[in-house]
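Below: a set of structures, written as structure tokens.
One chain, subunit A, links the two complexes that follow: it is found with subunit B in the first and with subunit C in the second.
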Partner chain A sequence: MIDLTENIEKQPASTPTDNRENVVSVRALSKVFKDFWGRPKAKAVNDVSFEIKKGEVFGLLGPNGSGKSTTIKMLLGLLNPTKGFIEIFGHSPRHVKTKERIGYLPEESYLYKYLDSRETLDFFGNLFQLHSEERAKRAEQLLEMVGLNQVRSRTVGEFSKGMQRRIGLAQALINDPDLVILDEPTAGLDPIGCREVKDLITALANRGKTVIISSHLLSDVEDVCDRVVIYYGGKIQAMGTLKELLTERETVRLTLPTLPREKMDQVLAMIRKDVAEDRIQIDNPTQNLESYFLGVVKRARENEQQTSGATSGSTVAHYLREGGEEKDQKAKILDRLAADLAPTPIAELLEEKPATTEQKQDANLASLAEAEAPKPVAPVVSKAAERKASDEKADDKLSSLLGGDN
Partner chain B sequence: MKGYDALPKSWQPVLSVARLTFRAATRFRVVQFLVLLLLALVVSLPLVLKHDGTALGLARIVITYSLGSIITILGFSTLWLAVGNLAREVEDGQMQMLAVKPLARWKILFGKWLGIMAVNTLLLAVSATAVGSLLNYRSRQLNADERQILTEQILTARAPHRAPTPDFDGMAREQLEASVAENQPTEFDRPSVLAKIRADLLARHEAVLPQYVRQWKIPGSTTDRPAMLRLKFRTARGVHEPVRLPTAWIFGEINSSNHVRLEAVLTTDTFHELAVPPDLADTDGLLPVHFVNLTGETVVFDLADGPELLVPEAGFPINLLRAFAILYCWLGLAAALGLAAACRLNFNVAAFFAVSVLLIGTFDGTIADVSERGSVWNIPEPELVTTAHRVTDWLLVPMIRLLDFLLGAITNYSPIESLSLGRSVSWTQVAAAFGQCWLGFGGLLAIVAITAFSRRELANPDS
Partner chain C sequence: MRAFTTIAANTFLELVRQPVFLLLSTATTSFIIILAGMPYFGFGEDAKLVRDSSLAITLFVGLLAAVVAASSAVAGELRTGTALAVLSKPVPRVAFLLGKYCGIVAAVWLLAFTNLLASLLASRMAYDAYGDADTLGIAVFFGAIALSFLFGAFTNYFHRRNLSGDAFLSQVILVTGVFLILTFAVELKHPGQSAAQTVDWRLLPAGALILFALLLLSAIALACSTRLDTVPTLIVCTIIFLAGLVSDYAFGRPAEQGAWWAAITHAILPNWQLFWITDAIQSDRTLDGIWRYVAKTAIYLSAHIGIALVVAYSLFENRDLAGDA
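After this line comes the complex of A and B, so read on.
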């Protein structure tokens, strides 16, 4: 695992030559929600600083209630910071003219239910003072892009959540913004929709646009983001490029086509001469952000309990109890983590001190098995935990990894 | 819509917010419902109203009640629309989408106000057309004589003219000075003596003793067509039963040959209109009006009740238009009030607040009484007044006086009575109403609303 502080400190050093225009600067930003009497109710954002350069795809990652949306709303001038400094394109978030360059998709669909999709886009186009022909052209293309050109005459109120999400995305792009802020863009979208959103983000980035996306879905962020911050309890717990965050410097990973069994044994035998058995890890390349993320959040949670009372736990827990939708498995893990549930296999796993290689292997193998034979969401990690209990040997795992035939 | 392309670009966002607001009202069938309600009301009122049986009486009461109910209904609907539209949009989150677009927050508010006023323009146009057509239709059902009376006395626009009121205060002071100079009193209560002298002067001015003649010189007489003299009088007996008295009038200068005599038996405590032929003005352009008291009674013309010379200056449609312009002005204020309330408060509180303000408006009679009396209590004996009474008065009376002032400033221009009397609602009145309601109160409300709304955080606690 990587040292957190080391990473945060490394961040400025790693981009000294980056003299691209600063699109967003945030310094020492805090937001405390107060109740009617002015008493602090929730510290949603706590001393956050970051900068976003032109052309970057920037991810805000964190469990529910960690302050992502609050940060975004402050960037947009919807919330006033309690403390701190924000600049967008060199102006305050309330500067009206700057807003011509921003597109925003809120985390929920706040649309006018009595308008149809074309009228919705036309309305927002008018707010940007677009000429009628330009509005019509863009509306047409956007509806095409989000796959709603078949249903353009139905009012938005009749749309499903995913369809509303799509129209929300379309309106965020009507002004061809230089900065696109997407708050949980894939929430409520079907898998194809998610893919399309990610492709869209990549396309925008290729056109030199700056994109901020907030998400609790790790796959969203990992696929498209250049740089991420990880929030927990309103604080930045980690920040950097994905590469910086995920690289383990004291280990090396060899990635090569699958070898026949005896070749593999030879290679391993050579390595075992110099390295202790328990330091060797064998797996197929797989997503690593997840485990990294889980580690970060776990540590943050432990710290939080020692220092101050948790601020946002209850919000998240409530949300979790309601969540019965077709959610990504990863999202579920993340949610449960934040929910602070009674011990479950997941919790057990996380309670372990530093994850041993064996467990990691277990987990990875399990997820591999999942990937090969896609099954509904039988909890990945609990399977891993079962296996751990059965105490299988590394060789057995290896054989299952390479396929039984050889 | 292509329409925006023709306009200056900076209007486009504001107008599209206005259009959206209008559209919200039509899509939720508010407008359609209100149109039906108003039409039903205008048509059905004459059927249910009690009146004195004359065509004139019916027309008068129809105008009074239909305008009264139109402004009440539209007042409430405007407040509701304003509060609902803005508060809902803030609470349901659409405002978060609007506020991140390149239009200043005051433009959002202004756009909404325009949208609501577009709804009101439509509704008032429908109402005015309905009232106008109904009166027109009714007058055509009448016989020629009745129709002429109606056309002369109600379906017209007549500018009112009065003889100037003497400066009673100045006269009272002069008399007092003269008396003091003559009698050299050592000590006296100056204000009460002044008030007594003034009351005495007023009584002499208003009362006409038996066998006496009273003269008024009224400006604004006509040369081409007859004008009407509107008046009311009573006897000094203090009897409440109206009685019929024979009266004699001379219009024009008595000494010249150019005058007209008129005799009529008129009821006391009732307004009458007497036709005054044209071309009777004196060399100063003033019309001399004489009342000859041939009865055995003292007759009193209360200062407030005229007489008043009503000179036709325009047709009824114009007058109706001007009357509705003032109603429109009031509705503009209601819309601003509703929006201002919703800028800061949530829907429930804002709606409650706005409706209370309207209700307070309906108590203007009580408010006027209290502020004139200077006390919320009505205690006849001074020795019965306790500290508790004084404290409540000290707290409440200034507030009520302020309310009275505000209400007065708005309702001063009430066009309803004028319209029902065939009296002109002048362009000056219309301009003054707009100046006071929109530039004055409206401006203040706008400042409050814009300040509150610009500072407001537009985010809900989500999920």
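After this line comes the complex of A and C, so read on.
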């Protein structure tokens, strides 16, 4: 008998390594907004405490008005806390030296509407006292990265919301920040843009950068965050790593290559000895919509269809890559990712529609068993091992994106 | 320092690229020149009428531009969140505020400078019942205005540059060129006149004082914009302007009779009458020591600008830069 829970129970607690440097410390933070007469109007943040370690991707989750953006603005020194303590890199958030190490993408990217993309990045680069050649170089790379190099002479005021987010993201990275704070980074972006932003966040984290993301788009956070806090009504309702928060320790999922019918029967019979019939679920894994969409776009790009909007250049800016200046990294994130995800025709996808009801188990079993040729049975992989393999694959992918030696 | 200069330059660029600046510049300079191209049958007061009107327009439009520019550059950016992106960078708030002030002043002064050149030209063109309109001067001036628009359209079409900004800046250059050519290279003689008509240079100190007034009102508008939106800023600035105009009458007289509250108010409130010497010019009285008066006014101005900027800083330094949204 295979002990399916063995690996999971032996997983170490996934708390962050304590010896890492504390980038952000927030203790007992509260913010009360007052009206014209000084009377309390709204308690936006209420006794919030957390710490963020170097290299973490930290998510602030919560519904609209739950206090995420207010917390971020206090972290940036734009709002003054009513009570509590904030320390960024060991200093006050209002300290000018602290701000030199921070990149911030505001919730709404209303930048200077009469400046073009190039001037916008030059302006923000100037605020960090970058040398003019360095500013020009970084601006070029960032425009390429966010896919706005074709529209660099258009003023920002003419941009669509998604394009404004892209230029907003570019300005947030002009100083190669150690702490990147992104407020709703994927709001207004198309699926390609969302994917690029998520890849960029992962790439930044791989370089040891700390990233804080505020979002109510749970899938975005789930894809990239190491640890999250969930806000509601200005208070932290839950906090921890995604594994801690999301793992269902009472259930296990197996992923196997297609087996012959008799082998499958044997496996099921073994499982049915210990598990009630109504608690067993069998289906085919399906490709997600994002992967399918990226495949379609890749095919369209191969056919050289033109667009007047932002393109998906998306090469990670040279200076943002690990050892960026030394490596001649020409690969494009999207192309690489899309290449890994072979596009599947719609008809095939429809055929692969999962059947999840218990009544269809046998039918599924039959179809699963009808493989063209029996393949060697792969060893049973626990959820933890599956996750590990997935992590390794992601590491390999990022390694190639970042130049090969993360 | 770099943050200050960067913000000042950016504020200036953002303002002059707004179509409203081109519109104001074109409309007011054209109006001033048209004023000098019409007969008034003013019993010999025609020239004075033109001078008075052109300086009044310069002052009024400058004040309006100062308030609009301050609201757009500070209150507008705070409202839309642009200021948040800037102040999340290593920019001290004082540098942000002073940079904004200098950018606003540069843009407003450029507009006022163009209007003052047009006023000086108008003083040269003005004629009485026995004279004729300076058709050559008027044609050259409007040719320059048209050329500035063509230049803006050219750079916009071929280089995708901002039409308003390029047209406005080229307008400033072309109007300056036209002023220099007409004033120093073209002789203007009205029928019956033995001497050529020249620019009334007495407008220079009057123009300098108008620029001073704009400096001060820009500082007041900036202070208001740190806490108020465009319309409240406009209302507060209008009240301060009107109260300052009647300051001598409303507060000066009671102050002389010993009313302490009037003395304080009279001292704090900017006295706009000090910046308006057009009446003195038109009375044809000898203006001995006029530049000494301008220098004294500059000291008065410095004190008031200092107060306004300190108030602006104290209002801005610790304010929350976002609402409870």
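Methods note: the second predicted complex is superposed on the first by the 231 of 406 C-alpha atoms of A that agree within 3 Å, B and C clash if a C-alpha of one lies under 4 Å from a C-alpha of the other, contacts with A are read in each partner's own complex, and residues count from 1 in each chain.
Simple rule for what comes next: a residue touches a chain if its C-beta (ideal position, glycine included) is under 8 Å from a C-beta of that chain, and two chains touch if they have at least 3 such contacts.
None of the values given here were measured: they were computed from a predicted structure.
J.: May I ask you to decide whether A:153 touches subunit B, subunit C, both, or neither, giving the answer as first, second, both or neither?
T.: second
J.: Go through the superposed model and pick first if A:140 touches only subunit B, second if only subunit C, both, or neither.
T.: Neither subunit B nor subunit C is touched by A:140.
J.: Touch test for A:226: subunit B only (first), subunit C only (second), both, or neither?
T.: neither
J.: Going by the contact rule set out at the top, does A:111 touch subunit B (first), subunit C (second), both, or neither?
T.: both
J.: Using the superposition on chain A described above, determine whether A:47 touches subunit B (first), subunit C (second), both, or neither.
T.: In the superposed model, A:47 contacts neither subunit B nor subunit C.
J.: Tell me the contact category for A:80 with respect to subunit B and subunit C: first, second, both or neither.
T.: Both subunit B and subunit C are touched by A:80.
J.: May I ask you to decide whether A:100 touches subunit B, subunit C, both, or neither, giving the answer as first, second, both or neither?
T.: Touch status of A:100: both partners.
J.: If we overlay the two complexes on their shared chain A, which of subunit B and subunit C does A:131 touch? Say first, second, both or neither.
T.: Only subunit B; A:131 stays clear of subunit C.
J.: Need the overlap of the two footprints on subunit A, from subunit B and from subunit C, as residue ranges.
T.: 33, 69-70, 73, 76-80, 96-97, 99-100, 102, 104, 106-108, 110-112, 114-115, 123-124, 126-129, 171
J.: In the complex of these two chains, what residues of subunit C are touching subunit A?
T.: Spelled out, the residues of subunit C in touch with subunit A are 2-3, 6-7, 10, 13-14, 17-18, 80-82, 84-92, 159-160, 162, 165, 318, 320-325.
J.: Any idea which subunit B residues touch subunit A in the complex?
T.: Against subunit A, subunit B makes touches at 1-2, 4-5, 9-10, 12-13, 15-17, 20, 23-24, 27-28, 92-104, 455, 457-459, 461-463.
J.: Which subunit A residues qualify as touching subunit B in the complex?
T.: 33, 64, 69-70, 73, 76-80, 96-100, 102, 104, 106-108, 110-112, 114-115, 122-124, 126-129, 131-132, 171, 315, 319
J.: Can you list the subunit A residues touching subunit C in their complex?
T.: It comes out as residues 33, 41-42, 44, 65, 69-70, 73, 76-80, 96-97, 99-100, 102, 104, 106-112, 114-116, 119, 123-124, 126-129, 153-155, 168, 171, 175.
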